[in-house]
């Protein structure tokens, strides 16, 4: 028993799950047990979006200090706008819509990496700048008009099986895939190696450029996927649909135990952190706290979680 | 005579359908006005971030560019006063609308946001004599419009004591955020009879109720086409009744005409009030027809309309 | 008065029963060591014997678990820290260099001297380090206003050594040199050792840690041998011979010198050909299959750049690189030893797209044995290894890959003598099997293992020496001579 | 060889200045009216608080951390400045000192628990915003008159913002780049292990650096409300990113303690000017946001061009 606990304690992701459960218990204690299951279901549906982009952001952050993708929110918006406009509420155009949206995301990834590699712009500024361009593209293409998703997309995004959102199951599969990618493929190992020491990685014969490129591409594509399913989920794309995801994508990655210094990634932690952040918001809403108190509590709890969890984490 | 005069629109945000409609209305009406030779130019400017500082810098640049009037949708009612004063001192007419500024030298085309909150309760009390539990979806914390509408709603609840707000969330005026917040709080709430909103969150709220398997309450809409379409659907299916209220994005064109009139030397009171645009059950079909798919119900002002508003009629 | 007491009285530093463990690893298992004023103590031992750890204890940067530390006559065991140490006049040149790469040399001097402040501190610092560099390494060619990060590793080492000998208001009592010559070429190494003797004559005590036993035997007064966290032998230097020293360290006795082996036959197939890009007048380098080619000359004359040029130009995965500057070019800090070893061979450890963990473990275990990495578990973090053992892991990485050419950037830095002999053997065997090696070394002795060597000066190849011409004289001569 | 390396280094140091000159020239070309005392004054006013926030961020980046909370922090300072500092100056000053203390405490927490600064400051950003929203639920307040007076100072010949910017840069340069204690602070960014080995407490250094960041954050917030005359909790949300961009534009690097105070201030000015330049360009509203990105890219691409010949380190 104690043995399991010591083992668990060593896992960097465990704290996000503990925090999540604590917050959930606090919520249902307040409501007297009412809605315990439904809250979790809602958390699962909404956390999935954060998880998808969190996975992409995690890969980027893992490639080393300074690497971060700030263009995720804009890419979500662009993909959502392109998808719904191309699909034009028609089930038959579903596939071509998805392809168009992913194509747009692909271009975003290409562009981001071009800025970083060819113009040697630090990623944080490169992706920030490109996010403005992406948003402008979305504005001029979509004109701020909200087009409904085709029924098939909406159904896919909202269907539940025994209370578990279908989407969550897909994202679980995706997460396992990414975890496998990191641990067991050459690409994943290269990402981890670059994150620790890019020069050593190059001299160890790893393909640094291609891997970084693939990583920014992956992040953009995952943002694109999020844009598509999110517009299916919430009844269309809007220009501000990505707004909440900038800080969230970074927060779930770091709270989930991924090292901001690079070289260490953690997939389960992203689940814990995404659910935690959603449930934290729910808890504060349920308590009926005022906006000020809610913001303060959010900050305090995030810092508290990382303080409890982060103590023995190795940092460079 | 204003045919040599140049007017600029200073806009602080373009990231939602309301603002896009507003810009479109501006474009449509002012292009015609320029073509007709009423004014020399009417250029729109938007900042990339919804930030006071950026807008302040923008206005300073407009001053330098020699515009005669600046039509302003402000990021903050007070924090731009410094730069608005500079503009006035440079002899520039400043007309603020929607997001108004408090600097006395500027004109204000205000919407009574407080009342926009209060009428929601008035409507609800008419529909539901027994009252009941309400859910409030607010906007972005710390922003003046959010605070005003909220105050109006609180006032309404004070007046109609049969209603009780059992839950309040901030939707940040983004449908995804609102939907997320409502879905989170719903399971913990007792039965909800009505949802009061600040505009644009109705559809998301309805989705959240549906997803939670709750009966759909009376949700106040915010004039977005998707909300109206959903309302129509429900109305046809089960006679669903509600109302919809928001500001018409075309108020930017009213501000344009007001600025033009002031430049023309007309006497215009510093404070004007425009009515918000309310859609009732009876007008639903008509409004839905005239609203662009995916857009916002709108009213654009002609010069004559504007003169009427100025005259206080 | 007992003998021990009198020893302490006349000693500069006394360490008694020092113990230190890192988790399961017992780095120091009760060390007693005594340093007299004005003597040079040599400290030798196999990789991971605990030399660096002991020096960290003495420099106040590691707290021992047990033991007593007396400086002069003052017992400082209780309250001891890095700043205490420097107040007592103890300086240390650490094995992993500790300059701030973003600061100029003058600014780096300020870091160790609290007295350097107020108006004009910078001029003072500049003078201090400049004069000391001139004194120790005449003709060093280092600009004191250069950022440390812009220097190559040899220059960094020189700067740090010079810094350790600068004096402001604190006394200079003991200087610890932990493998100070590992990145220096023969000439600068000699300059340092000569200076060290002068310093000792002036009354400063020094501790010299080195795997170059010749240096230790020639330049130290007394030698202490460490093995597995203990001092196992301690005598006057003249009472040791190279042979008895190696024996005391517990390494396999040195075999008959290399070089005596008959020249191997090398196939005529050319593996690579390259011309240094950085110089206009230069010879061409060529390497044949199965050949061991040395790169020599003074440090910092473009050898590393040549290696990197070959690495970049080589066909994909046909070249492997063994970094000498393992901190910045070699190890992956967060990974286990095993992961560090297998990283270059991953593509061959896959089944389908997925890496097989069992293949990985096998490879790691295999190399732990073959190259003798001293660790209880290959799953431990790489940084738990001593410097020399980290270097062994890098060897395992390169030799374990399927590359045809192995490029070695002064790879024996900090490797103990026993291991070196094993590695030389392994390189020879691999060469027999058809691999080519390009080997940059700062130790002229090592060139004896090469079939041929190129001498570099100012980024250009100025001479090519065949195996039988590779004597110290000839190499040094070629390194200094004006190009023909 | 050395001379060449030095040349490149000077070139790299001059790069931020070159970008500034370029953007300035482009602005003058697009709108000649800006080439005047009045024009520069107006255009650069809002660069002063950004420059101060950039310096604050630079202190944090010097010790290899990143501050995601400086924007909301500046907003909080603004709210305190426009309320307590105006109404009860003693209380206001105490509150501001507390803010600086909070920054130093954050450093202690980050160091002692070995936490990633990104998460801690992310959490702190919510706290600052929350406190600000509680102090000022909706925008308002009044900046103290002395602040307004300082910020609208009219200096003969050279516009005040330029003098202020130079003064800030010079002071910080002396403190950080040439003083003997500055070496310790930068060294901590370059090689913290080496600093610890030399007996310097990393905890103390970090607390000092964060404290300085807090101090400059306070200056930024106060100068900002001196310009806007009133406050708003969201007034400076975007400063976080501007500040990071400013440090990088100015030639700073994220890790390794390589920063430049003059560069950072110039970077901030460049950013502010780039915004103005765009407004003078009259781009269609759709692309106005994108053009901001494009400008950033162009300015930074200059760096790549100039350092193209430079060998990779």
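Annotations
Going in written order, the chains are labelled A, B, C and D, and every chain counts its residues from 1.
One rule holds for everything that comes next: a contact is a pair of C-beta atoms (placed from the backbone, for glycine too) under 8 Å apart; a residue touches a chain by one contact, two chains touch by 3 or more.
All figures in this text were calculated on a predicted structure; none of them were measured in a lab.
Shared contact partners of subunit A and subunit B, listed by label: D. Interface comparison, C-D versus A-D: the higher count of C-beta contacts falls to A-D.
When each chain is reduced to the average of its Cα atoms, C sits farthest from subunit A.
Averaged C-alpha coordinates put the centre of subunit C at 43 Å from the centre of subunit D.
One finds 29 Å separating the Cα centroids of subunit A and subunit D. Rounded to whole angstrom, the centroid-to-centroid distance between subunit B and subunit C, based on C-alpha atoms, equals 71 Å. Taking each chain's centre as the mean of its C-alpha atoms, subunit B lies 34 Å from subunit D. Those residues of subunit B in touch with two or more other chains are numbered 14, 48, 141-142.
Chain contacts: subunit D has residues 129, 132-133, 137, 288-289, 292-293 touching two or more partner chains. Subunit C has no residue in contact with two or more other chains. If touching chains are joined by edges, the resulting network of the protein chains shown has some other shape, matching none of path, cycle, star or complete graph.
You'll find the chains touch as A-B, A-C, A-D, B-D, C-D. Residues 68, 109, 113-116, 118-120, 122-134, 137, 241, 244-245, 248-249, 254-255, 286-294, 296-297, 300-301, 303-304, 307 of subunit D are the ones touching subunit A in the complex. By the touch criterion given at the top, residues 65-66, 70, 115, 118-122, 124-126, 128-137, 139-140, 247, 250-251, 254-255, 259-261, 290-303, 306-307, 310-311, 313, 315 of subunit A touch subunit D in their complex. Listed in rising order, the residues of subunit A touching subunit C in the complex are 180, 183-186, 189, 192-193, 196-197, 199-201, 203-206, 259, 263-264, 314, 316.
Touching subunit D in their complex are the following residues of subunit B: 11, 14, 23, 43-49, 51-54, 56-58, 60-66, 75-83, 85-86, 140-144, 146-148.
Residue ranges on subunit D touching subunit C, taken from their complex, read 2, 5, 178, 180-181, 183-184, 186-187, 189-191, 193-200, 256-258, 313.
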